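What follows is chain A paired twice: with chain B in the first complex and chain C in the second.
Our next item is the complex of A and B:
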């Protein structure tokens, strides 16, 4: 039947996998000469990255987990005391925290399908051989290499009541549409930020999709054409299964990126108006720095960490290879 | 032994050594300078060339006046200055002399990062709002203060049939309402009033808590600074919140003004702008005699403005406190204060310096700001809790402006402030 799944990528034959263990067993019994040296070389190569990761990621993270259960402050003459789950009790009764969760969920639920979909469409469009394709690749990728802070500042001006966006809306509608103050209205602030974020980041995922698309063998398309498939069928039964691994990668990276929403908020709305754009990370930075409550910020970060972990675990489970 | 292994090991050891020296450098940089007779000074002026140049000039003249120590200026942009200094403090990396926004002084003094000032200068002759005290001791002193005011064009007020407010007779709440109604009726401006509602951060408490105080409310109960209950959520405070929001609801002002209120005013996008003495010279140059500078509205308890601007302090970790104090005393000479005042257009801290600054001397064009400062200035609450109170109040102002219920917004701000004070043991020593 035509619906039979084509193998997406050359699978490693089972025999090849089975062939490795025996050599290992023999190696363990009598190590080949230079084994120790190779081991050392390996550790030596890992060392620089491991030291940096340990010093700047793991140790601060562990410290943060510890601080969440104390009353530590950024600057204070008072000794740090262990306060148990006080910070969490306060966090879970704080309406702003739930609002932040809701905002982040809203942002993520929209961003993940729309941004990855748009990026895939862009990738499909430029995965062709025609004159000037590099021009389009560059244009689509340009926002990605621009810093989010710079992008946010520019869009801040465009979103003003008398900004570019409203001027364009007014011009194309012959003055019928009088646009809102995008970032000043609780109803439009988050959508405005979503649009900007997609515009900025879609190019990055387009490149990942593109890499995935180019990994699909041309022979498969030729075979599909011989079978007389339509364009849609080719996409559905060749391209889509072929992008399995890319799909998981894009899904996980966009989700984590979306959950960590911060730059745009900090530059453009500072969480307002009326908490309509505040996020978990923004709340953590706000309480950790501006309000100097290190311990409370650590508690927020810990909760955020657990949330990201759960979301990624669920995604990993849902996108696992079902064999 | 084999070469390859040695190479790999050497490389990784070098990498580890490099990272640890980098870390060590970060730790030692601020203090290592001081051994060689160099004292670091941090200022928020990176984005303000006039003021930075004036400070640099004082430093240069001090460096030239003696050869024991050398002051080295390091400038930061204002937006990130407070965060940078607080992080540096937490990391034990503060320089000897720091520039501090007045209301934050008690917080830093309480945290033990500032040393009480021991200067040769007689601070009692300075504007009270330029000396930051905590626990009975001075911790920071400024070259200047700034004053908020309402500016308008005399011709506009006349056209609308509105009298010019004066210090003897400021506008009352009703007069203000009436003035705005008449100005709006002229149809020249979409929003006749610009209170700078696009501002963020410290601008919010600096600009709007004086209105709250003029109504009779406050940011916190100043008796002991233990709670904001009743001050920030009492009847007066709710009245303030309603009044403030009504200004926007009636279309007198934008919920979010333009980025540069002064420029908008000069471009005739607003009739009355609420801004500080720093904008006076520019407005004066553009409008000449048509410009009127008026005191803020009297909302019941008389006009109020925020006191205290940027000030200088010496950190407690400084290895050469004596030299740092000596520099500060030197920099507070009237001619130095006058030089900064001329460069910034701010109110010179002492009468002697004012006499040397033409626009602030008796009869000078900007003298009125000095009078505002003396008559109306209310210090932001001198408590270590201030940075927290400021963020909560700022958020409340923005929420109320955007339509949140005043009473419940203020109640939750009070709840957060009280919890913070309590969790810090009342910020007592």
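Our next item is the complex of A and C:
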């Protein structure tokens, strides 16, 4: 059943239901005696989360914006000074930064369609109930619960010239393919990272697709079957339109995740060989943390944020509801 | 006709198995290799033995891991940091969502919008200004009977916990779930003289199991897996979490058997935990209204 995986709606105890008074309490909320105290309680409940979000998201975001125009360093005896757009001038004349932009664009353009497509295929494979469905769901999700750092480490080993990946390639091609030194060659380093990234994260987006699939009413499929439609027609005219909202969610989350590429690079290639895998965030961490140039790193972060906003806005526009 | 259907089903199953093999083989390879000496790992690579625990099998690599890195300490740190983050996260975020969902608080629409707005800021853009910012924050420490005051949160436990307690996505998940719990329950409890906090604790939260499980896992995973953040803010060995321990294996001579043992050691607990909660997790994500 399509609805088998929706949560069981919390049960209302019969006694509680019986106790509901007929009068319209909510209507007189403002005039109720405990109104002021309720306001205080409510704000008291909101306050911890609100204060933490303010302290660790809003303030750093605003700070980052401000620091980008200063010469702040992580630990420095000098007072922080305003330096205008110096950091940006330096950034936009840095060839490594353009290389990073290009690499991230390459990564994103490949990851977004391939990963979302594979994730959808996986979701379709395990959408309907069958014997062992939970086993497959668990296995498909295993790479997601494995940390990206561990995954990177594991694939770092598998990508060696004499590693498992090349051995498998050689075995399935009866010795015809002599695999490259994946991470040592500027031409294959980024494709290698793309493959492992898809391997690790596709399961997560599979779950989001699955949520969308579960939300499509089973009656629609029954009606389609009565009309004698093929499987493909059902997908094209029932499933695909039914996944409208899921589609934009998957698209946005994969894109943002792809633009922020960092962990894999940090563990596997450190941006090399010859800057072929360096990324925006990797450059930001390099300057902000290793060289302690908080201001320059903030400038990179700000550019990254603007990039994310632009890409999301364009995607929203392209996938908008057309009526 | 019937044969055709059977063939189609067998084909689908074959594709399922193929995907499962691709998803699982690196993990199997990691677990199996962690039990073998280095020489044998390379020797087995060209045959199916790479995925089978055969030959010279032992836990020697695990022993060596504990000699090379303070693995027990790292595991303890990660367990502690993740557990505290999860527990405080569930409490703080559900409390906030409760007030936003079920109480008539003035200005709650603006607050909710502001909270959701934080979702568009990727953590990576905040990380570097945040390092600078936490280094400016005051810090009190109870030392014996005297309260000591110092500046800067770098190199502490709380810098690994407190910034990650409040989370807009968790608040959103709780909020969505609370909306599905009938409000009449609150009214009934209020007539019985219950205060709002009592309603939160005894009426709403006991019904919010699936949402709590989802938030717990979605908080636990990034806490356990965190790498970028502790890399920047934690220098002392005795405060480091498990992911940072990986760096220890690339100093001096690399032993891949040991690397695989450490990787297994920090992955298996999460996998076991995930399998234990698998049903409620997959189901509640699938139902948490992640429909945009």
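In this text, the second predicted complex is superposed on the first by the 278 of 323 C-alpha atoms of A that agree within 3 Å, B and C clash if a C-alpha of one lies under 4 Å from a C-alpha of the other, contacts with A are read in each partner's own complex, and residues count from 1 in each chain.
Keep in mind that, in the parts below, a contact is a pair of C-beta atoms (placed from the backbone, for glycine too) under 8 Å apart; a residue touches a chain by one contact, two chains touch by 3 or more.
It should be emphasised that the depicted structure is a prediction, and the values quoted were computed from it without experimental measurement.
**Q** Per the contact definition in the header, classify A:90: touching chain B only (first), chain C only (second), both, or neither.
**A** After superposing on A, A:90 lies in contact with chain B but is clear of chain C.
**Q** Comparing chain C with chain B, which touches more residues belonging to chain A?
**A** Counting residues of chain A touched by each partner, the higher count goes to C.
**Q** Answer with first, second, both or neither: which of chain B and chain C does A:181 touch in the superposed model?
**A** Once the two structures are laid over each other on A, A:181 reaches chain B alone.
**Q** Go through the superposed model and pick first if A:102 touches only chain B, second if only chain C, both, or neither.
**A** Neither partner.
**Q** Could you tell me if A:308 is touching chain B, chain C, both of them or neither one (first, second, both, neither)?
**A** second
**Q** One more residue to check, A:270. First (chain B), second (chain C), both or neither?
**A** Touch partner of A:270: chain B, not chain C.
**Q** Using the touch definition from the top, say if A:169 reaches chain B (first), chain C (second), both or neither.
**A** Once the two structures are laid over each other on A, A:169 reaches no partner at all.
**Q** Identify the partner contact of A:286: answer first if only chain B is touched, second if only chain C is, both if each is, neither if none is.
**A** The first partner, chain B, only.
**Q** Contacts for A:64 in the overlay, against chain B (first) and chain C (second): which applies, first, second, both or neither?
**A** A:64 contacts chain C only, not chain B.
**Q** Would you check which partner chain A:74 touches, where first means chain B only, second means chain C only, and both and neither mean what they say?
**A** both
**Q** Share the list of chain A residues that count as touching for chain B in one structure and for chain C in the other.
**A** 41, 45, 48, 52, 55, 74-75, 289
**Q** Could you list, by residue number, the parts of chain A that touch chain B in their complex?
**A** Listed in rising order, the residues of chain A that touch chain B are 37, 40-41, 44-45, 47-48, 51-52, 55, 71, 73-78, 90, 95, 161, 181, 184, 186, 270-275, 286, 289-293.
**Q** Please name which positions on chain C make contact with chain A in the complex.
**A** Residue positions touching the partner: 12, 15-16, 19-20, 22-24, 26-27, 29-30, 42, 45-46, 50, 92-93, 95-96, 98-100, 103-106, 108, 111, 115, 118, 120-133, 135, 162-166, 168, 171, 177, 180-182, 184-185, 187-189, 191-192, 195-197, 200, 207-208, 210, 221, 224-225, 227-228, 231-232, 243, 246, 256, 259-260, 263, 266-267, 270-271, 274-275, 278-279, 282-288, 290-292.
**Q** Help me check something: in the complex, which residues belonging to chain A touch chain C?
**A** 5-7, 9-10, 12, 16-17, 19-21, 25-26, 29, 38-39, 41-43, 45-46, 48-50, 52-53, 55-61, 63-64, 67, 72, 74-75, 121-122, 125-126, 134, 136-143, 145-151, 153-155, 157-158, 162-164, 167, 170-171, 199, 203, 207-208, 210-212, 214-215, 245-246, 248-249, 256, 259-260, 262-263, 266-267, 281, 284-285, 288-289, 294, 297-298, 301-302, 304-305, 308-309, 312
**Q** Spell out the residues on chain B that touch chain A in their complex, using ranges where they run on.
**A** These residues of chain B touch chain A: 2, 4-5, 8-9, 11-12, 15-16, 19, 23, 83, 86-87, 89-90, 107-108, 110-113, 200, 254-256, 387-388, 391, 395, 398-399, 402-404, 412, 419-420, 423-425, 429.
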